[in-house]
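Listed after this line are the structures, all set down as structure tokens.
Two complexes, one shared chain (subunit A), two partners (subunit B, subunit C).
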Partner chain A sequence: MDLYFKDKEITGMLVILPSNEIYFEEEMENYNFSTAKSLKLKAALGLNKRRVVQEGVCASDLAIKGLDYLFSNGKLVKEEIDALLFVTQSPDYIMPPTSNVIQGHFNLKQDMICLDINQGCAGFIVGVNQAFMLLDQSSISKVVLINADVLSPKVSKRDRNSNPLIGDAASITIIEKTSNRTEIFGSIKMDGKGAFSLQIPAGGAKLPISANTSEMLEDVSGNFRSKENLVMKGDDVFNFVQAEVPPMIESLLNMAKIDKDVVDYYMFHQPNKFMLNKVADKIGVNRGKMPSNIVENFGNSSGVTIPIVTWFNVADEIKEKRLKICFSGFGVGLTWASLLMDVGPLSFCEMIEY
Partner chain B sequence: MKSKIIAVLNDIRPEFDFNEPVDNFIEAGMLDSFDLVTLVTSLDEVFEISIDGTDILPENFSNIESILNLLNKYSK
Partner chain C sequence: MEDFLEKMAELFEEDTVQLTDIIVDFDAWDSLTSLSIIAYVGEEFQKTISAAQIVEAETIGGLYELIKNS
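So, the complex of A and B:
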């Protein structure tokens, strides 16, 4: 589905990362594979270190730390927030919505919208799209989009497919109406037939937590996980991304009537370096325009990786000037979504640690 | 080309002899999906190509013949 928005923009971006850092080598002995094989995979996928929370820290804790920082430093005014979007796959509770919990924590005004969205790797794009749609209302001028996920407790430490990749993080993106004439091109697609390619089988109403669901089982590749752990069909996800994302980007560029080389950066979700390099080659863009250095430094934090890759690679540049950026997220759902828009100069683009 | 492919495979899984004829490396347990990532990375480097992501399917790496057929697509 093609989308088109105008006269809206991103005005600020904050990333919140746990200070706790884990190196790949520290966990290799957990995996049922030889050291040599694990190290080869480390090189091919670009694994190194990742950030994960200490036990007991929730996605909302990261978000609250970030909002507190923005309020305290005059970068965001409470009364100006007309909508608070919280995109996560790790909510604090089944009910109430975490966005309402955060609203209550900060005593934000009642005359606003709080909305939780269950989305993962495409969650930044889905959240920005939702913000743009809300901003079409005359009563909404500023939307705070929070992407936050703490999935590391849901990943088996003995699962080499997922554990070395996963990271925890949050981001806060400010999205507003603007008097600047802006044109934003978007595309989003979903395929629920692939819904179980990325899944946490137990813990919902379909399969409640029980003694059986916590049993650790070995898969054909030698990984151990329970039904309460995240399970990823890596081959299916890889093939889906390679088949679907490049044509979506080509279609988006055609819709905007611009050449791929006019785009300053391709800020994509960060599954791993190998997958991103293959996508860059397929689209035909220089790998330097599509940074792939987030998994090796911070891990894959689902919907937060796009703000992280933007902050980590162009924070100074995007505070100074306007950049033409193609954002793209793809994963659980299956969902794949992209935006082509001008971003900057941002009033802030920074990172704080939790 | 064949000897280079075998050298790459032997480097990835030195416990197996890839000179021996095998119908399907994956079904025989000689390669798994993670090995394919390493294999594609090495083939890209050795032959100075970029194997298309949509070609990274198990059937294209099932034996020496299938790998040769795949690489022939990219030969200049």
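So, the complex of A and C:
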């Protein structure tokens, strides 16, 4: 469905990355494949190193570190936060919401909304959309959107499909009403028939954790994982992205009545370089306008990859000037969502390590 | 057909391939080869096939039929 917002903008972006770095080669022996085959995979998908948390660190830890940094450096004022959105697939608890836990930790005002959103690869777009909708309320002027995913503990070390590309990270995006006249075009679609293309089968109410769910089983491709591990149907996801994302971008550009070359950057979710290059080619945009260098440097951190790709590639530029950016996220749900908007000059766009 | 066989030889890292060759018996067969075939079929033939369909097609010839009939 088409979405349209006005007189709102993103004013700051902070990325929080674990300092712990793992290289592809360090884990190759875990996989049931020859070295030659694994190196071929590395080259084809654009894998190298990734950031993952030390054992015991969860999504809220990364978020709290980031908020602490913003508060203590005067980049964000506690009393001004009217809504706290926490988008994750790795909440601290089944109950309560992690957003409330964070609100309590910082003793934020009661007169605000805390909301957890269960979204993954499209989680940045879904979160920004939600922030824009909240900002239509007269009592809401500033929304803090946190995207945080710590999925590495959920991925089997012996799963060559997912383990070499998963990363952990968090980001904090400030979204506000603005006196600047802004127009934001959006599009979002869902297909629950593909809900199990990306899944963690056990751990919820449908299949609680038990002795059976931890049993490691080999799949047809030689990967080992249990029901408690993340599992991805790579071919389904690839086909879905190639079929659905390019037409969505085309219709978004049509709605905004702008040519694809007028867009400064296409900041897309980062599944892997292979898939992103195919998407860029299919849309017909220069690969240079669609950076695909996040998985090889930090890993795929689900809903956090869009803030990371933005910070990593244009932090200096976006603090200086206004850029026309097309954001797009796609994956678990299935969900695919895009936004076309002007962003910048941001008051901050930076990264800190946990 | 010739282009198709050439592409298959490239993806399976063989000098040549025959229509009767069994897909899963190639040394280079794995999930990455499967994905590369899916991407090639999408680009070259504008058709969508799944990893399971490739395995079910059994041979290079079977894969060619699958693409033609999809």
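The working rule: the second predicted complex is superposed on the first by the 354 of 354 C-alpha atoms of A that agree within 3 Å, B and C clash if a C-alpha of one lies under 4 Å from a C-alpha of the other, contacts with A are read in each partner's own complex, and residues count from 1 in each chain.
Keep this in mind: a contact is a pair of C-beta atoms (placed from the backbone, for glycine too) under 8 Å apart; a residue touches a chain by one contact, two chains touch by 3 or more.
Quick caveat, the model's predicted, so the values are computed rather than measured.
Once chain A of one complex is fitted onto chain A of the other, the partner contacts of A:6 are absent, as it touches neither subunit B nor subunit C. In the superposed model, A:105 makes contact with neither subunit B nor subunit C. Contacts of A:157 after superposition: neither subunit B nor subunit C is touched. In the superposed model, A:41 lies in contact with both subunit B and subunit C. By the touch criterion stated above, A:236 is placed in contact with subunit C alone, subunit B being left untouched. By the document's definition of touching, of the two partners only subunit B reaches A:279; subunit C does not.
Residues 37, 40-41, 44-45, 160, 221, 234-235, 238-239, 242-243, 274, 278 of subunit A are contacted both by subunit B in one complex and by subunit C in the other. Taken in their complex, subunit A has these residues touching subunit B: 37, 40-41, 43-45, 160, 221, 234-235, 238-239, 241-243, 274-275, 277-279, 281-282. Remark: subunit A residues 33, 37, 40-41, 44-45, 160-161, 220-222, 233-236, 238-239, 242-243, 274, 278 touch subunit C in the complex. Against subunit A, in their complex, subunit B makes its touches with residues 12, 32-35, 37-38, 40-41, 50-54, 56-58.
On subunit C, the positions that touch subunit A within their shared complex are 28, 30-32, 34-36, 38-39, 42-43, 48, 50-52, 55.
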